[in-house]
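The same chain A turns up in both complexes below, where it pairs with chain B and then with chain C.
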Partner chain A sequence: MLLRDDFQPRWKLALKWGWLSFAVFILMAPVFYTMYISFNELGFGAKYYIFTFQWYESVFSDKQLIGSLGWTMLLAIITLPIVIPFGLLSAKLYKQSQHKVGIVFVLLSPLFVPADILGSALLVFFKNLNKFFTLISEYTGIYVLESWFDLGIMTAVIGLIVYTLPYVFVVIMITMARYKVEQTEAARDLGASAWRAFWEIEFPQIRAGVFSACAFVVILTFNEYTRTSLLKGGFDTFTSVLISQMLNTGMSEESYAMASIVSLVAIIIVSIILIVTAIKTEELEKITRVVKEPNK
Partner chain B sequence: MAKTNAIEVKNLVKTYGNVYALKNVDLNIADGEYFVLLGPSGGGKTTLLRSIGGFIRPDSGSVNIKGQNVDDLPPDRRPTSMVFQGFALFPHMNVSQNIGYGLKLKSIDKNIIENKVNKMTDLVGLKGLSNRMPHELSGGQQQRVQLARALILENDVLLLDEPLSALDAQLRKDMCIELKRLQKTVGISFVHVTHNQEEAMSVADRIAIIADGEMVEQGTPKEIYSNPKNKFTAEFIGEKNIFEGKIKDFNKTKVVVDIDNDNIEFANNNYKVKKNQKVSLSIKSESIQIKKISKTNSKILNNQIVGKISEITFLGQFVRYLVVLNNKQEIQVRSYEEIVNLKVHDTVSLSWKLEDFLLHQN
Partner chain C sequence: MIIFFVLPLLLTVVWSVFERTMFWMEPGFTLFSYENFFFSSRLENFLSSMFHSSISVVCAFFIGFPIAIFIRRRVKKVAQHRVMLLFILPFMVSEIIRIFALRPILSRNGVLNSLLMDFNFIDTPISAFVFTPTGVVIGEIVSFLPFMIFSTFLALEAIPNYIFEVCADLGVNRRRMFKDILLPLAAPGLFAGSVFIFVNGIGIALIPTILGGPGSVNAGLIATQAIIALDFPLAMAVSAIMMFTLMGLLYIGHRLFNLTKLLEPIS
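Take a look at the complex of A and B:
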């Protein structure tokens, strides 16, 4: 274990944990400060602090903010059922393939392209695709495909898929690494079809990873600004509203409240994922120990 | 009446790139036979077993089970069940659910499944453990769950891929007895892969030796152990001493082979040999008698060679003597009793019964 050494003095161990806690605190301090401000009736920069829930109340009456929240959730809901199976299949392919480095490189490459460049590239690509389909429509008289790639939900979702797939792939791949393929073979041998072997044997064991990936997609959808702003067309997302408010008028107190809600939800989700993963890991380690040392 | 074949394998070939995992393997396994595929790691025995089970598609050749060609059938449609090396129990299901999973897939009535699962848990000695999760079981118990899960489907053939390799020596011995008992009870063919010759000998009706993707030799455990036809088999089975030499002389009853500085004389078991032909000889370490040479018994007979003891090791049931011959070759001798007056560096004579040496043509 990383921070444990049976022979080191207790104060050294305490120092290590203290340092780790301090690092986490520094990382999370801006989020906690945002939450702190969100409860101040006098808002950011005020000399006095008067505790209130009023900004939270007004968040739910801010139609633009609530509307943008709805659009963001919609994008996440549409992205999820596309990107999760895609990531799952990619992780399965990775596990079975002998060309693991190549697969990792291809799937993680969107992470290495700057967000604005990838967003612009997709924008240009969709514009050209639209022109191409318009041309085809004019020649054939079939107008079905003409406006498929107009900026809107579909293009924003494609942008999100490109952005979130590497994360989904990595999270599922890590969970899947512990799964023993022999169990699928055993299920097939007992008469299960490939689908039933996956659904009844493999999926229950990688479920934590799949649910974690779902949570990551939702969080990343809230987090994403550059690509979505370029590809979304006419509607507003939560991040785009937040940033435009900051650029135009500075952050409103409602924005602090909204940011706090989103941060809190994200922290809760990630904490649950970590706790469930830790429990599952401990269970799996127990099983592995029994298999490795069968006579104990 | 001759037994019918449960499995017929013809000309099976499987390659991985340029490497042959199986080279034209032929095999017949009778109904109700306990058949063991024995050989060194990487020899192709698991590939052969997985080809029979449908987990590997061979490049060419055919597999028939109970007279039916199964070349194009996936594992779930073959009349075989498999016991895997790494247990492969479903960790999110308890013992009963693991054992009954195959029946559940067949949409059999829940009460019937419960009945059969109960019978099977009794048969494999898991009574009272039905609700335990796999990680709450010992290695031996996990292997019993695997056996029950495979046997409950009442398929024609049970395939066992190194089923005892994760168990300790004593448990392995117990499980060998258990496997043999189970096979007699259910009466179907068992095909068991192992690299452990003691395990193979203790369970098999017949053994096939497989190495480098080829079928080296087949026979009963006694034939394979006592009279191996092949040099590889002789080396692989038991603690065999192998000698390389040339035929010096032979007649209808005896053969003499020159191994550098010594002559070895043994019975001619209708060997077709000629003078100066290069041959290999083998003798089991327990078939050699070892005796200290003293001034009073220094005469060397034809079926004797002389060497010096280099090591004496007490191994529980027997004592092993390592003896270095004049040509520097090391010979192992097993004695079930410690010979009191023998010490390291003693000069000893090694003798044998004429029929104990076996000749293998190179």
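Take a look at the complex of A and C:
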């Protein structure tokens, strides 16, 4: 059956596509502009534009920037193996639970709480935890837990876990939506352990979602500023270097180049995920069509 | 999540009534931090940031809702998610890079003014695009628009196709379709997107810091400035006020629209 709007003139449809493309372009415009400046030999604010790769060549000589990238990478590497299993378990719990509202509330609320507010609350929480454990240590003479929550890598990682878990949960939930629980039940009926049923039956089918979640965690770690800057203690992350340059001395040309590289890497990773997901979805739909109508 | 998310946020209420010391705070009960917030220019700043966030919500609605409707109704089912994912790309680039790059684009001698002058829309450059509340609103829209589109699309996705077909068969006109079908059924998504933009608009300090003028202060900035000034009870009072605002809005939203409906298509 045709919809009423199917009689719409072509120009109206084109206009709507134009509006959508314009919105995407506006959202991406700042990124394109950063890339544009990064190729100018004369840097930001110059009257003339001379194309160069000079800043990309010299970007790796900026020790502060490279050091901050190393720290950020370390945070991502530590966060990843913790947040992904949490996300998987949360998604499984959500699917099986009768109290979905509570789980959704706890897991998705961090998306709504502004970074500065959550960061401030966690900062004071960690400082209080530290004081509490110091008191316990003095009282019991056991100093194992003392200084555990000093601001540093661990507190920054906790902040990142709270920040990235909702994204991981949603991405894994999307892939899990296609999985039929009956397959796990069949495997269990045939004598497979819960772990084996998950690892050999369910995981291969949700693998794409898990890898996408991993990519998102790395990208979000590189992008995160507020919570990490409040909780990181002494070291610098990539975004904290960028912000301090922006607000104090102005961004160096190398920083524009590095920002462009990081943005481009993020865009390429997400694009690969999108293309692979699109291909996989199409393959799955073909299989479904063949199963439903084998003679066609 | 309960230990490192729910508990710290709940404890902000307790810490907010502690007494301030030179470098920290000590247990006690005082409402001085709340007085400090409600009976000073901070309240004015907070209310004005609420006003600007509301404008951002309205703008995001007018820009984002038609896009979500278009994707749901005009794009083929198999391609809908792919088109939606176009809006993930900007989300995956650091907010700092996106916000900071808006400065040279919106400035007096920036790209936008140059374009407007080249096309003879204006004679003299407009300086109100940046370091003003307008700059903050533009920054909020550029930062948060994808969320309005995602949440609205999720709500629209749950509407079965036959509803549109029945409306078409009954000759329902577009205005009525929008008012009686699309708007009520997309309400959970619209509400979730609006709360996200509103709360983050008043809570994220980065946007007024980079794009706002000297008077652009929101709750997030008040909290971080209080921490820098070692006034931890005040920072916690601001956090508690923000938390109650958020919880209140989400509770109202859930009672009115059942926000868990949004997860139905993926659960």
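We take it that the second predicted complex is superposed on the first by the 272 of 296 C-alpha atoms of A that agree within 3 Å, B and C clash if a C-alpha of one lies under 4 Å from a C-alpha of the other, contacts with A are read in each partner's own complex, and residues count from 1 in each chain.
Here is the rule we use: contacts are C-beta pairs under 8 Å (C-beta built on N, C-alpha and C of every residue); 3 or more make two chains touch, one makes a residue touch a chain.
What you see is a predicted model; the values in this text were computed from it and never measured.
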Which of chain B and chain C A:193 touches, first, second, both or neither: first
Partner chain in contact with A:219 - chain B first, chain C second, else both or neither: second
Chain B versus chain C as contact partner of A:44, first or second or both or neither: second
Chain B versus chain C as contact partner of A:208, first or second or both or neither: neither
Touched partner set for A:185, first chain B, second chain C, both or neither: first
Chain B versus chain C, judged by how many residues of chain A each one touches: C
Contacts of A:170 with chain B and chain C, given as first, second, both or neither: second
Interface residues of chain A shared between complexes with chain B and chain C: none
In the complex with chain C, residue positions of chain A that touch it: 1-5, 13, 16, 19-20, 23-24, 26-31, 33-34, 37, 44-45, 94-95, 100-101, 104-107, 109-125, 127-128, 158, 161-162, 165, 170, 173-174, 177, 216, 219, 222-223, 225-226, 230, 239, 242-243, 246-247, 251, 259, 262-263, 266-267, 269-271, 274, 278, 281-282, 285
Touching residues on chain B, where the partner in the complex is chain A: 53, 55, 74-76, 80-82, 84-92, 101-102, 105-106, 134-135, 137-140, 142, 149-150, 153, 166-168, 171
Interface residues, chain A side, partner chain B - complex: 180, 182-183, 185-193, 196, 201, 204-205, 283-284, 286-287, 290-291, 293-296
In the complex, chain C residues that touch chain A: 1-2, 4-9, 11-12, 15, 24, 63-64, 66-67, 70-71, 73-74, 78, 81-83, 85-90, 92-102, 104-105, 111, 142, 145-146, 164-165, 167-169, 171-172, 195-196, 199-200, 202-206, 209-210, 219-221, 223-224, 227, 232, 235-236, 238-239, 242-243, 246, 250, 254, 259-260, 263, 265-267
